Amino acid sequence: MPMRWWPLLNEIWVLFRKDLLQELRSKAALNAIFLFALVTLTAVSYSIGSFNVAPDMLAALLWIVIVFSGLSAFAHIFLKEEEAQTADTLKLIARPTTIFLAKWAFNVLLLTLMLLFTVPLFIGAFNFTVYHPGLLILTLLLGDIGLATAGTIIAVLIARAARRGALFSVLSFPVLLPVMIIAISATKIAFRADPTDLFISEITAMLSFDIVLLTASLLLFEFIWND
Amino acid sequence: MHNTNVKNNLALAGKALLYIILNLVILGAYFYAPLAKGLKEYTRVLYFHVPSAWITVLAFLIAAVLSGMYLRTRTMLWDAYAAAANQLGILFCLITTVTGAMWAKASWGAYWNWDPRQTSIFILLLIYAAYFALRSAVENEQDRARLSAVYALLAFITVPFFIFVVPRIYESLHPDPLINSDAKVKMNSQMLQVFLTSLGVFTALFLYMLNMKMRLIRLDEKIMENEEEYE
Amino acid sequence: MLLETQHISKRYNRKSILKDISFTARPGHAVALTGFNGSGKTTLIKILTHIIRPDEGGVRYHLSGTILRTEEVKQHIGLVGPYLQLYQELTAFENLQFAARLRQVPHAEKRIGELAEEVGLSAHLNKRVHAFSSGMQQRLKYLFAILSKPEFLFIDEPRSNLDSAGVAWVYHLLEKYKQDRVVVFATNDEQDLTYADEVVAVAK
């Protein structure tokens, strides 16, 4: 049977809607990610205080806030199914590919909401000018997708492990780091007044990493999800 | 009977040869290879540092392939092999990191300063460590094999990125005797002789070690099976 | 329509849990799995429903002349078991609707209404599952499993958490389903066993 697009999209939507409904009622992930973002932002902003910070430094700080807030919420998406013993229920009624894509879409949405909240606050807190807002938005978008992809696939790995502890950060860091490294480098360009010729190579690297990671995750997900 | 004798003798000869060439490489690195113009004594570390960096990546590649084999066949042996390859990988990764840091101290004045190449090797070390952290966190053998195989493959796709992309984006002060952008070999023939021999003998040493580990795993398996039969 | 299992074995960390289990279930020939607690009944049911894979042996689903492929199997099975929970934050109706949409059940709302009527959950459809008693949850799990009228029905501990009315309904369901569908259930209860045509003892 060839895969048809419409039932696939419909299935993803039904699964995504379920997660959304659950989240709206429990607000577990939303609380985690927003509080974490707020706390990290406050800590960073407070400890830097009134120092005059260079754009390069700001770019790094921004991504530290983003990555750590993301880490606090990503693991939740599969853990909640495992803990509520609904993972087997889900296994029986949906296909792995659509489950992964629905969970991934949910994490992308969660991170996007967090970015919409954190980035303006960050810019306000440090009171600086973004010289190339368009480039910043593009960087945030691609970084968002990369982080959410890495976060989702590691989340399912963790959910299947017995002793979790700090495992999520340990496992996701090496996979997240490429995204973080290029994102910081691209954000530096967006924050500076200088010409932006280098931006295109950074964005290409980020886009290709996103695509490779998403494809690999889609292929590997089934091996983790099904016993 | 005769056949096993020949085989044993061959294996012995191979081991002896490996031992002799390894020593020749050490001697060659210090006494045979000349120093190129403007280079200091401490650059001789390259004859050991670069081959172990190569083995680090090779071990990683082999572990990824073995992990893929496990996922395809679901035979526990492949998982044990993959873990063995990664154990050796982490050893060579440590050697690379330490020799690199020693060289950096002599050349740049500090053991560590987050040069892109240093970052790359550090990340590789982190990935290896994460792999074993994951293994120790899963109790069921089959789950452990499955999850760590997936992680090995997932982590492997980031490796080319750290080796090729990161040093391109960030300027590195790291000399590049092999993967340099203008593809020119900056060594004279005597240096090259020692370097390539070292590369070859390191690879042989690694494969020998891996083979030994794999044999141990198979023997372990046999013992376990026998014990089960007794029960 | 036929469920065929051949020489299923499963180990957990080298400890054998299931050893060489074979049986066949078909319409009119319901199979009950019995065994002590911890004998591997649940593992066997999970293997049958493709939740976990066996170390040796296989499970084959025959449906209208063909053998279903692994990814097709899930569309045709229903499973009720204590390890198969529903979404606590969602209402009973939302849970059922979720299943109906994924299984593409036609006229889902009507069918949900009828089924809820049958087990006396009509008044509670719009309540969230976490407010349900365990007996109500168990009945809801049955509805979740049979909503799409699966050809293969699996039940682990049919009467757990149910009162006498619930048990009567389950027996009625078993009686009805086993006539034209494949039914497999795991139990140690004498009365449950009278609904089986073959009893397979699961032991290590």
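Each chain carries a letter (A, B and C) given by its place in the written order, and its residues are counted from 1.
Operating definition for what follows: a contact is a pair of C-beta atoms (placed from the backbone, for glycine too) under 8 Å apart; a residue touches a chain by one contact, two chains touch by 3 or more.
Since the model is a prediction, treat every value here as computed from it, not as a measurement.
S.K.: Please identify the chain with the largest separation between its CA centroid and the CA centroid of chain C.
M.R.: If we average the C-alpha coordinates per chain, B ends up farthest from chain C.
S.K.: Between A-B and A-C, which chain pair shares more contacting C-beta pairs?
M.R.: Output for the comparison: A-B.
S.K.: In terms of Cα-based centroids, which chain occupies the most central position?
M.R.: A
S.K.: Mind checking the centre-to-centre distance between chain B and chain C? Centres are C-alpha means, answer in whole Å.
M.R.: About 50 Å separates the centre of chain B from that of chain C.
S.K.: Starting from the mean Cα coordinates of chain A and chain B, work out the distance between those two points in Å.
M.R.: 32
S.K.: Could you please state the distance in Å, as a whole number, between where the Cα atoms of chain A are centred and where those of chain C are centred?
M.R.: So the centre of chain A lies 37 Å away from the centre of chain C.
S.K.: Quick one: which residues in chain C touch 2 or more of the other chains?
M.R.: Each of 53 in chain C touches at least two other chains.
S.K.: Can you list every residue of chain B that touches 2 or more other chains, as numbers and ranges?
M.R.: Expected reply: 139-140.
S.K.: Going by the contact rule already set, what residues in chain A reach two or more other chains?
M.R.: Within chain A, the residues that touch at least two other chains are 227.
S.K.: Could you please specify the touching residues of chain A with respect to chain B in the complex?
M.R.: Counting only chain A, the residues touching chain B are 153, 157, 160-165, 167, 170-171, 173-175, 177-178, 181-182, 185, 201-202, 205, 209, 212-213, 216-217, 220, 223-224, 227.
S.K.: Quick one: which bits of chain C touch chain A in the complex? Just the residue numbers, please.
M.R.: 46, 49-53, 71-72, 74, 77, 79, 81, 83-90, 94, 98-99, 101-104, 128, 144
S.K.: Which residues of chain C touch chain B in their complex?
M.R.: Residues 12-14, 53 of chain C touch chain B in their complex.
S.K.: Which part of chain A faces chain C closely enough to touch in the complex?
M.R.: Those in contact with chain C are residues 1, 7, 10-11, 14-15, 18, 21-22, 25-26, 84-86, 88-89, 91-95, 226-227.
S.K.: Which positions of chain B touch chain A when the two form their complex?
M.R.: Touch list, chain B to chain A: 71, 123, 126-127, 129-130, 133-134, 136-140, 142-143, 146-147, 149-151, 153-155, 157-158, 161-162, 165-166, 169-170.
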